[in-house]
Amino acid sequence: MAKYPQIKIINNEKYFFRFDMDLRIQHIILAATVVILVLSGMPLKFSDAFWSPYLYALFGGITMAPTVHKVTGAIMLLLFAYHIFWIFKVIYLDHYLPMKREGTYTIGRFAMRVLKLPMVPNLKDLKDIIDLMKYLFYYTNVRPDGDEYTWKEKFDYWAPFWGMFIIGASGLIIWNKELFTQIIPGEFINFCLIAHSDEALLAGLFLFIWHWYNVHFSTSVFPMGTVFLTGYLSEELMCEEHYEHYVKVMREEGYEKEILPPHGGGHAPSCSDHAPKSSQRQSSPENVSGTESSEQSVKEGGAAV
Amino acid sequence: MKKLLTKLYILAFMALVVYFGVIIWNLTFAHIIHEYHERHAANMEHSEESLVQKEKVAKSFEQVILNSETRTKQYLGYRVLEQQYIEGHFHHIGFDVGPDRHSYCSSCHGDMPHDSVTKDLRAFLNMHAFFIGCQTCHSRPEGEMATGVYKWYARETGEIIPSPVNDAPPGTYKAKIIPFVMEKGSIVRIDSQAKRDFVEQYRLNEKELTEGQKSKSKNIIHNIVSKKPVICEECHSKEKPLLPLADLGYSERRVDSITSTEVVGMIKNYTKFYMPKMLNPGVSHPVDPAVDPVEPVLPGQLTPSVPEVESLPPAVGTEG
Amino acid sequence: MLSNFLRGPHWSFRALLVAFCLMPGWVLAADMGNCLLCHKYPGLSRIDEGGNMKLMFVNEDIFNTSVHSKVKCEGCHADITKIPHEPAKPVDCLAVCHIIEPTSEQKFSHKSVKTFMDESVHSKVDKEGNLKKFNEDMPTCKDCHDNPLFRPLAFVKKVRPGIADDAMGRCRVCHEKEDFIFRFYNHITTRLHKSRSPLNVAQACGKCHDDKELVKRHGLTVMAGSSYQETFHGKAANLLDEAIPDCLDCHVVKGKSVHQMYGNDDPRSSTHPDNRGAICNSIDCHPGASVQFANYQVHPMFDMDKSPVVYWFTTFFYVLTGGTLLPLMFILFFDLLRRLFPNASFTRRR
């Protein structure tokens, strides 16, 4: 933890710790492989499209592109294997061993502790989604105040996580169809093809529209979010997306007096000169109470990273 | 300014999101709905026992015309041969000449106007119509009008262009010959803008015109059409061919070929059993509608005076 | 046209090709009767009584790169004996033509094709010799073939499409006639691989086998062309893979002619359920694959009745994809809207 201070102050601006180097490298490898896999796979799925021959030619056409696709896929699967290993490592070092040391270890308690990790979806996410709907339909002017990881981020994480199983497994089967059909019937290859390509389409569209919008193209972060490179998030964005966590970290780090009011009240950051102050004031009590209620769970969960 | 740009950006992104939404719909649920409808349509037809007979349904313009021309691509490895697909056509075409977008004649009569009227010659006449403007043969500027000037115009744009002949394969010019006439002391092309506008206006207003107006405009449009079209021998002749072939860019060799015995001899063959009637416009031949159901003869056929010759005694042909 | 043809990739081979085409002396070899005097004009055409376009144009350059380039016009259009001629009769492809088959020194003919065809699934008559129902749907020569064009290969250093100059140079050491060298080279190298690209083959079959009405009339179970395109094979063919199996690779018994194609229920057929395994695990395709590998559906139809398992499996993923992405698009859209009008509100809570 000492290596990564929760708050870094550069030029009088606060930056909040999000991801360590290990995760950032994992993410960049994942992003690169996904882009290559999508670009070298989609021309095959949409082989009638006018653009597909040109895009495919970029990867060496039908003679080379499948090899590029397979090798990249293999790299991605290795990364996934490492990631699984990393998860177990973190849980073992940060949660299992401390519990053992404290002598509070039972399987039930351990499971509860794992389930309360900040990356695990919980009821707060559901509440946030409903709150977001209210906000988007102008029912309220209060943006939901996200925890350390918002529901969007959890979606961004778990959707590819599930996709990795489906796409990875089906890809491996298609790759080694002669071997696998010694056991499974040939019709399974049909299913694998369907699963592989359709799930890939889902993942590709999901990442390139939804994920990229949220982290790069939204007016709050446009033109590019930098947290995936630096690992630190600016105070403004921290307030907008992770207000609950922001308040907690500010308190822990002794900046209680400097806590900014939450974004809300129709306060879109891009048009900040417009924000009516009354709505900000009006929304803060709600947020504070929300923070307190879930603070306990946050403390119990602790920082996974 | 920045605010405006931000708003525009948001609007553009919203459009993009809607676009993606449509794509996603088309890639997912649209397939399911399509399959459902297809299956139900198939089941409906099954129950009507349509398996026994082929259905003969009246076909729409869209089916018969718009969807009738498909293109094929043949992948030969060292080249891709793309061409129009004509059902049952064995030989390859290899390139497109493209329709004449300029001629106001072909807007009604089409690019292959010679059909039932001159049965044995029609293909030849159509062949010539690919690079010779209608007015070249179907109007004879006389007296003061006559200039003897002919030039090439591009089929696509209608502009007068330098001769495309050079060494291009015969008939592949994407250009047509158009006569020039003397009007008010200057030499102008016969299909003047005024004439083109007149036809354009006629086509636009056709539905509102009275009987008299309609006939009158047709008459005016066709008034440059001469009774006797230019016949083959007027060009394919060593002596004073109608077209100034050399001026039109034909090389000496090509001029020789066009006016040679080869071509001329063949025309003579046709003349023997065909031309006498062609030059005798008095004898008319009613068109049998049963023979020709899809090609109603247009009232303003370019060669209205030419009677149809239904079939020729084969004996005459053999002699020729 | 020529200049267009000369531009683009591999222009040098094209230039060479054109040079050969324009080479005097043999260019009119097939055109003894000077038919091209008229038929070289692309406008030689008419609309026939049925309203169909008839084009009498013969593209000489392309004809000279076709397998029939040495056959005289009259060799096929035998009814034409004089110029000008009456409307030509349909060509009888089975006619004995003037080409001599060099090994047997017999006159050449496509007659054997008819015997093959009569036995095949595509014949107009059934086993008892009675005319089949809808026999007019059965293909005749021109339904599958237009004038077949050479697809030469160059085996110099590696295989690439086109003519190898150095190989031609080797030919010229002993052989003098350019047209012989050109044609012989083309014939041999074309015959050493597929005479049509897999995509063109699939399109040729698809002309009938993707025709919904025809498929229904003949009680066929699948739309063969479009379902082929759903598989990896079809998609690779779309992207012009030359090595990918097309219709003929599976439906024709190895070593037989494509005209000897049998129905799936015929034990002689390569696609008979008993024989299928052997197609897939052939040495050129998926060596070592088990017999059940051939259970793979090469014609998967997204159709609830015809292949329910594929249907439900695909539907699951369609619903998953659409069901995930569309709500997200929805949220995204309103998120943008909220950013566009941050202060607009109809139920502002105070």
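Each chain carries a letter (A, B and C) given by its place in the written order, and its residues are counted from 1.
In the analysis below, a contact is a pair of C-beta atoms (placed from the backbone, for glycine too) under 8 Å apart; a residue touches a chain by one contact, two chains touch by 3 or more.
No experiment lies behind these values; they were computed from the predicted model shown.
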item	value
Chain closest to the middle [Cα centroid of all protein chains]	C
Chain whose Cα centroid lies at the greatest distance from that of chain B	A
Chain pair that, of all pairs, has the most C-beta pairs in contact	B-C
Distance between the centres, which are taken as Cα means, of chain C and chain B, whole angstrom	30
Centroid spacing, where centroids are CA-atom means, of chain A and chain C in whole angstrom	48
Chain A and chain B, separation of their C-alpha mean positions in angstrom	62
Set of chain B residues in contact with two or more other chains	10, 13, 17, 20, 24, 27
Overlap residues in chain C, where contacts from two or more other chains coincide	240, 314, 318, 321, 325, 329, 332, 337, 339
Multi-partner residues of chain A (each touching 2 or more other chains)	201, 205, 209, 213, 219, 270-271
Contact footprint of chain C on chain A as seen in their complex	43-45, 47-48, 52-53, 56, 61-63, 132-133, 135-141, 159, 174, 177-178, 181-182, 185-187, 189-191, 193-195, 198-199, 201-202, 205-206, 209-210, 213, 218-219, 266-268, 270-271, 274-276, 282
Touching residues (chain side chain C, partner chain B) in the complex	1-2, 4-5, 10, 13-14, 17, 34, 37-38, 40-47, 49-63, 66, 82-84, 86, 91, 134, 142, 145-147, 149-153, 161-163, 196-197, 199-200, 203, 213, 216-217, 219, 240, 242, 302-305, 311, 314-315, 318-319, 321-322, 325-326, 329-330, 332-333, 336-337, 339-340
Of chain A, residues touching chain B in the complex	201, 205, 209, 213, 217, 219, 222, 270-271
Sites on chain B touched by chain A in the complex	3, 6, 9-10, 13, 17, 20, 24, 27
Residues of chain B defined as touching chain C within the complex	7, 10-11, 13-14, 17-18, 20-21, 24-25, 27-29, 31-32, 35, 38-39, 42, 45, 51, 54-55, 64, 72-79, 81, 86-95, 97, 112, 114-115, 120, 122-124, 126-131, 168-172, 262-263, 266, 269-270, 291-292, 294-295, 314, 317-318, 320
